[in-house]
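Following this line, the structures themselves.
Across the two complexes that follow, chain A remains constant while its partner is chain B and subsequently chain C.
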Partner chain A sequence: MMSSADNVVADTVSNTMDNEYLVDMRGVHIEGFSDEQWHPIINGVDLQLKRGQVMGLIGESGAGKSTLGLAAMGFARAGCRICGGSIHFDGIDLLSATDAEKRKLWGGRMTYVAQSAAAAFNPAHRLIDQTIESATRAGARSDTSSGGMNLHEDAVELYRALKLPDPENIGQRYPHQVSGGQLQRVMTAMAMSPRPDLIVFDEPTTALDVTTQVGVLAAMREIVDTYNTAAIYITHDLAVVAQMADVIKVLRYGEEVEQAQTREMLSSPKEAYTRSLWSVRSLEKQEAKNDDEILRLENIDAAYGKTKVLHDVSISVPRGKTVAVVGESGSGKSTAARVITGLLPQLGGDVIFNGESLPVALANRSTAQLQKIQMIYQMADTAMNPRHTIEEIIGRPIDFYLGLNKSEREQRVYELLKMIELDETFLDRLPSELSGGQKQRVCIARALAAEPELIICDEVTSALDQIVQEGILKLLLKLQQEFNISYLFITHDIATVKAIADQIVVMFDGKVVEQGMKSEILNPPHPEYTQLLLSSVPEMDPDWLTRLLNEQSDRAEIMNR
Partner chain B sequence: MHPVLTTVLKRVGLGVVTLIMVSAIIFSSVSLLPGDFGESVLGQAATEETVAAFRRELGLDEPAIKRYFNWLGAAVKGDFGTSFSGRSASGVDRSRSVASLVGPRLYNTLFLAGITALVAVPLALILGLTAALYRNSFYDRSVNAVTLTTIATPEFFVAYILILLLSSLWPIFPSLANIDASTPLGERLYRITLPALTLTLVIVAHMMRMTRAAIINLLASPYIEMARLKGASRSEIILKHALPNAWAPIATVIAFNLAFLVVGVVVVEVVFVYPGIGQLMVDAVTTRDIPVVQACALIFAATYIILNLIADIIGIVSNPRLLHPR
Partner chain C sequence: MSEQEPSAGGYSAAAEVAFKRTRRSRFERLRIELGKASFSAWFGMLVVFCYMVVALLAPFLAPYGEAEIFPTPFAPWGDEHRFGTDQIGRDILSRLIYGARNTMGIALVTTLLSFLIGGTLGLIAAINRGWIDQIFSRFVDVLMAIPSLIFALMLLSIFGSTIASLIIIIAILDSTRVFRLTRSVAINVVVMDYVEAARLRGEKIGWVMRREILPNIMPPMIAEFGLRFSFVFLTIAALSFLGVGIQPPTADWGSMVRENASLIQFAKYDFKSALTPLLPAAAIALLTVAVNFIVDWFLHRSSGLHDE
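Showing the complex of A and B:
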């Protein structure tokens, strides 16, 4: 990739004599408006990108990655302003350019691929119309690479290059009619359609399953290579950026931590912060067995309306241990959790808890039965009443299940806060005043408040940064040791599984593919699906994707998702 | 069958059910009205026998349930019965059918409402869209201020101000909108200018502000940011990217205001002496002319139900998720 990038620089040097860099940002300062005042988001960052080069921007959420990426296009989100420094694109000063001048560049010479394809497509228009919208606006293309083809045919070619199924007709569909992975690829085609000089990829695969991610990553890399497009690739996933980028820049608190060539950055990061980012994935729990069973699902069948989503699912959870349920979205992981909690009555089969069969419907379960099984959700934000204080949130299950008096309750809330490593200053705060990790800790405390024996954790770390994830996982492990709590841990992330699980259940399409001790599942031989799932997990090796694609003789399996 | 068609048919069915329930409510509440038509027509002097005979003649002596189903059955066929008025103690029956009383009045009301809607709806949409386009500009603030003033002013006051300005100080339009069946179209339009203008001023603000709010609400969506980053201009963003997704709330508020034009304009009718259905109903209530009151109430209910049904259907059809299921 680097060699081709160098060639392009040489090729195009004639018409860009005075611009060594396609993107040249120097000393950029950006501020955001909140709580009635301006706060700095980016503090004097430099960013230079050559033609055809791919730069990875990494950092935790709030580091200013997206803001910086958009600023490279001369764009500031509503409530943000670029207040210092200089930004040049191919010699054009973007900070002094008028809106009309920038609009000519946007969707023409520079394009954007957003994080959530589902939200970034207009629900009211067909995919093909959205794909060629900006190229149509830019007018007839001078680029010879598309030859005499019209934009419509060109879009179909891009769909084909991006391995979308039925490329001739998929454009006639509406955004809600295709899957997330397909939509992300259509968005890449949309970004590619005007043959831009620069694409900003803003966490383009974060919302995808690992098995889907591989296909999208491969397609994006191939198309960026083919057309020698320069790209800024924003992500918090190091393994992903290692596959995509020539150069990596690490951001923190709106400042640059360090920048280096990808291989150099991966092998010998200089800064302590970068090394801490690298080390997160090494957390690993020693697996342990326990024959005392706390929960058993026996041949569960369940359906949403007429759509059957669980087929003959049997899962066993040992007391005081963690069972990780893995699988991609739609595999039935969360549905299984809903059956256990009684939110979705099963059609057939039994949920056996502590040796007794739980009533199918929530309404028929006793308070004691409800108390023993608690749940923690992926989105801590939406799982808490935004108008309740932390004390009320944690205190409610205490009132409901334990009925303590006021001072006992106060004492208990305080203890719980201590358990989740927060202090009493949080008591009067509202959820909106907490960070993502703190919110998830409060949700954990709320689950603990009921003094449960089993906690179902539904993707509890998926929405968090890796460093914060590590903190939450360590907390969960500590609590397990202290109180002998059992976890049913739903996740799609294999690194999380390694960190927390004793046993693993692999689900696909509403069925259990295999289950057993962690060591058995993670080591070969694997059933076909487990193999696919495990091999799709990005590794911190820049050659991983290339190697994987070469290995996968049966690529159609992934590409058609 | 296309799922949207199924949904629409379900809504129509629900509309019919609602209408039947409303008819029952109308019938029972009219029955609860104090006073008795027989006594009020025949006067204090009438003997009990006369009143009873009169009631029997009108069918008022039958049980309420039976009367309700008789009335409903006839109403379905378009027969709303015979007005009570025109009868008198003398026994001379000059009464007219409810349909012949209500018909021309309803036509007048729909005519005024239709003309007003033709002006007000496009005006509100244009004002709302341009206000969203030039959000927070002087233009936006002026449009908001003016429409808010007109909606905050009682409609009879707006009407008198208009009469003062446009027919008294500068006599351009007539202050009386008295028309009848023989009035030619041009003359009709001329005469209803002031009531139509009054109603326009009253309803534009609500529709305009809702259009603006619906559009602005969508401007924070990621797909609008995407459209901007694809180089779309402001007007393209509003018209092509936001408006197609905003029809449902806009249609709802338009339906609400159109319904108001049919059922809520009695004050304006009185000010301009316009022979609309609102006045008819008020008169009928005063004289305890139960068949007319019931017919008017049923028409009002049907207006609300039909217009809201149309808004619902627009909401469904403008939603690609429903129109093009997976």
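Showing the complex of A and C:
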């Protein structure tokens, strides 16, 4: 669906170029169709990738990273069209190739690793069958004639190379029978199975815990190295891309900001925007003590059905301060929050708020008690009703708790919007019309509207880009100073903890491993688990992963996670 | 380094890349949607619109009264009586026109009632789960296990064929299916964080049902409304045909088919008269097909599946 003029340009370009590059994209324009019109997504980006090279694509959400990554495969998502420029893969003009020709390349010479492995696998088929499916179908491997056995054996080899436990038999399992980190590795094996020339990784570790992420990154890097595969690695996590990529390209608003070798880019970024990306992780709060306690959990035991998830958990939150609860998923962080809010009545122990014991069940708590404790969720998308406007979302707690009249309420909503650094043009928007960071800000405003004393923040920044994260964290700090609100901040990201916490609680397997002031916890000596957690946080140093892997004495433990 | 140079990238929360829709009035949005509607959807809407006009304007459109009796029963088609008269001499055309009003009106009221019952119970079951859900669901299973037409026949012969009992019985029997649909779509919405947030705020169940859940399950509910309306309409016609539905002298398409069915034997003498019982049947069929066309279009639109 490109115009003939563009075709001519594409042809002349292809004539002048030799096959130095595996992927050669020039002046690519991509548009997306929504709301009855075409909007530009990518405005003339060039991308060249040599064989065996790994390129990191970074940028905030909405920058067009994924769209560009897919375009490198000649693919445009439904509702998108590539409307200009040229895309060549190993000399093949992908824009003039027919669907049948492209389909031969896809899943054979080019493969794709999606962000959410759980959503990308077919739950009804065994892993090994899915791993070799595209290789079998594309017939990309020369040895397919000798039957499926070779591919099976090869898949087992790949599983072994990716350090999956029990590589001989894990392929016989179904997707729900392995963990998220393992599934992501199986998907990498799936992508490697046809021995492609190009793999596109689309945020493959974003959904994983830090401790899991390390193992997956190491496995991916190793296998890409071993087979000299070219890769495009899309992510918004700079520290991660620093470990993986040879070259980094920074995108913003669908345009290239800067491209350079990884080391060069990290040591001396040229553009101001790139520098601002780099400085994000340096936010740090001065810790402070307060003996006035607002909330105390005393020896809480809790269970889902018969499975006990919290064992004798005691946490104390000082007034006007931030307590960060850290730990990987399944460690009981969120369950503790559910107990505090009353969603999950505890089996034993007490939740003491402002000196009085809170009723166990939500239904028995008074409106005043509910008002004082508010919650902000991880996924701002699902935390707001998609059919309510921003005004309704922020206005409802004001109505419900404070019962202001219409004009006072309007005034208050407006004030809250200003507090979260948005303006009145947002009043009549629906949640789907906001960016991820804006959504989370509206959720913060909704919590603030109730005029609470304690806000429980459940991984509020983990779904956001770093630069947006920083904005949210600064906002939370500012609000804390202004209104003396206490935060119980649940997270698995140590950089976030450094930025916001006064005290830290480390949880593992439903128990509190360690708790105390931030400086005490973050400085050695550490219990073993805290050590593992801290060392797994990616650093902005391209040698970090290599160093970590060498250091890790207890390597097997991480790898099998 | 921590006090960074004035964010030269120019980060501001309000300027983040977000997809903002153009503000359009309801009328404009409707026009855009209608512009994309398929031919069959247009046909369906046109037919339903005509039926509605006929039903609303029945007294003005009908040449004679609904129960006005003329001296000649089974009169042939002619100028005086366009489609002839029935077995006791009532004008067929007038009764067809009034029939639109009665049959559609009763079907509409019944469907609304069944949605009120089934929808409310379905939402309550979805929100509370636990034993309330179990009781409602098992009771619905029991009701659905009995063939609904036979069950309706039985109940109508117990309670008598008044219009009120007809509406209530069919509405209750039909609400089982509405219950199931509401419950299954609402369960997916109930687990969303925003519903949890509303409960944490201390909202009453009525507010959660009406404001948080209902707006998010509307598309499948509206489509189901169209389908259920067709089925209720067919059930009423079938019951009337069997003689336990809408009672004379009220004009109704189902009973008109039955009353004039014998005319079909005279096809070899008077072909036109033999068509008479087919007219109300065709009216029923056309409306059902039209409603289904609209529902198809609506489902396709709201499913998010689009042809490339």
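Assume the second predicted complex is superposed on the first by the 535 of 561 C-alpha atoms of A that agree within 3 Å, B and C clash if a C-alpha of one lies under 4 Å from a C-alpha of the other, contacts with A are read in each partner's own complex, and residues count from 1 in each chain.
One rule holds for everything that comes next: a residue touches a chain if its C-beta (ideal position, glycine included) is under 8 Å from a C-beta of that chain, and two chains touch if they have at least 3 such contacts.
Bear in mind that the values here come from a model prediction, so they are computed numbers and not experimental data.
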Requested in this report: Look at A:319 in the shared chain and tell me whether it touches chain B only, chain C only, both, or neither; answer first, second, both or neither.
Outcome: neither
Quick check on the superposed pair: does A:177 touch chain B, chain C, both, or neither? Answer first, second, both or neither. first
Where does A:34 make contact in the superposed view: on chain B (first), on chain C (second), on both, or on neither? second
> Between chain B (first) and chain C (second), which, if any, makes contact with A:78: first, second, both or neither?
Replying inline: both
Now for A:272: first (chain B), second (chain C), both, or neither, which partner does it touch?
second
Check your understanding: Of the partners chain B and chain C, which touch A:104 in the superposed model: first, second, both, neither?
Key -> first
Pick one for A:296: touches chain B only (first), chain C only (second), both, or neither. neither
Winner on chain A touched-residue count between chain B and chain C: chain C
Per the contact definition in the header, classify A:134: touching chain B only (first), chain C only (second), both, or neither. first
Footprint intersection on chain A (chain B / chain C) at 78
The answer for chain A against chain B in the complex is residues 70, 73, 75, 77-78, 103-108, 111-112, 114, 116, 119-125, 133-134, 137-138, 173-174, 176-177, 190
In the complex, chain A touches chain C at residues 34-36, 60-63, 78, 253, 272-273, 275-277, 279, 282-284, 341-343, 362, 365, 367, 370, 374-375, 377, 379, 382-388, 396-397, 400-401, 420-423, 426, 428-430, 432-438, 441, 446, 450, 467-468, 471, 475
Listed in rising order, the residues of chain C that touch chain A in the complex are 1-2, 4-5, 7-14, 16-23, 32, 192-194, 196-197, 199-203, 211-212, 215-216, 306, 308
Chain A partner, complex, touching residues on chain B are 220-223, 225-233, 241, 244-245, 318-321, 324, 326
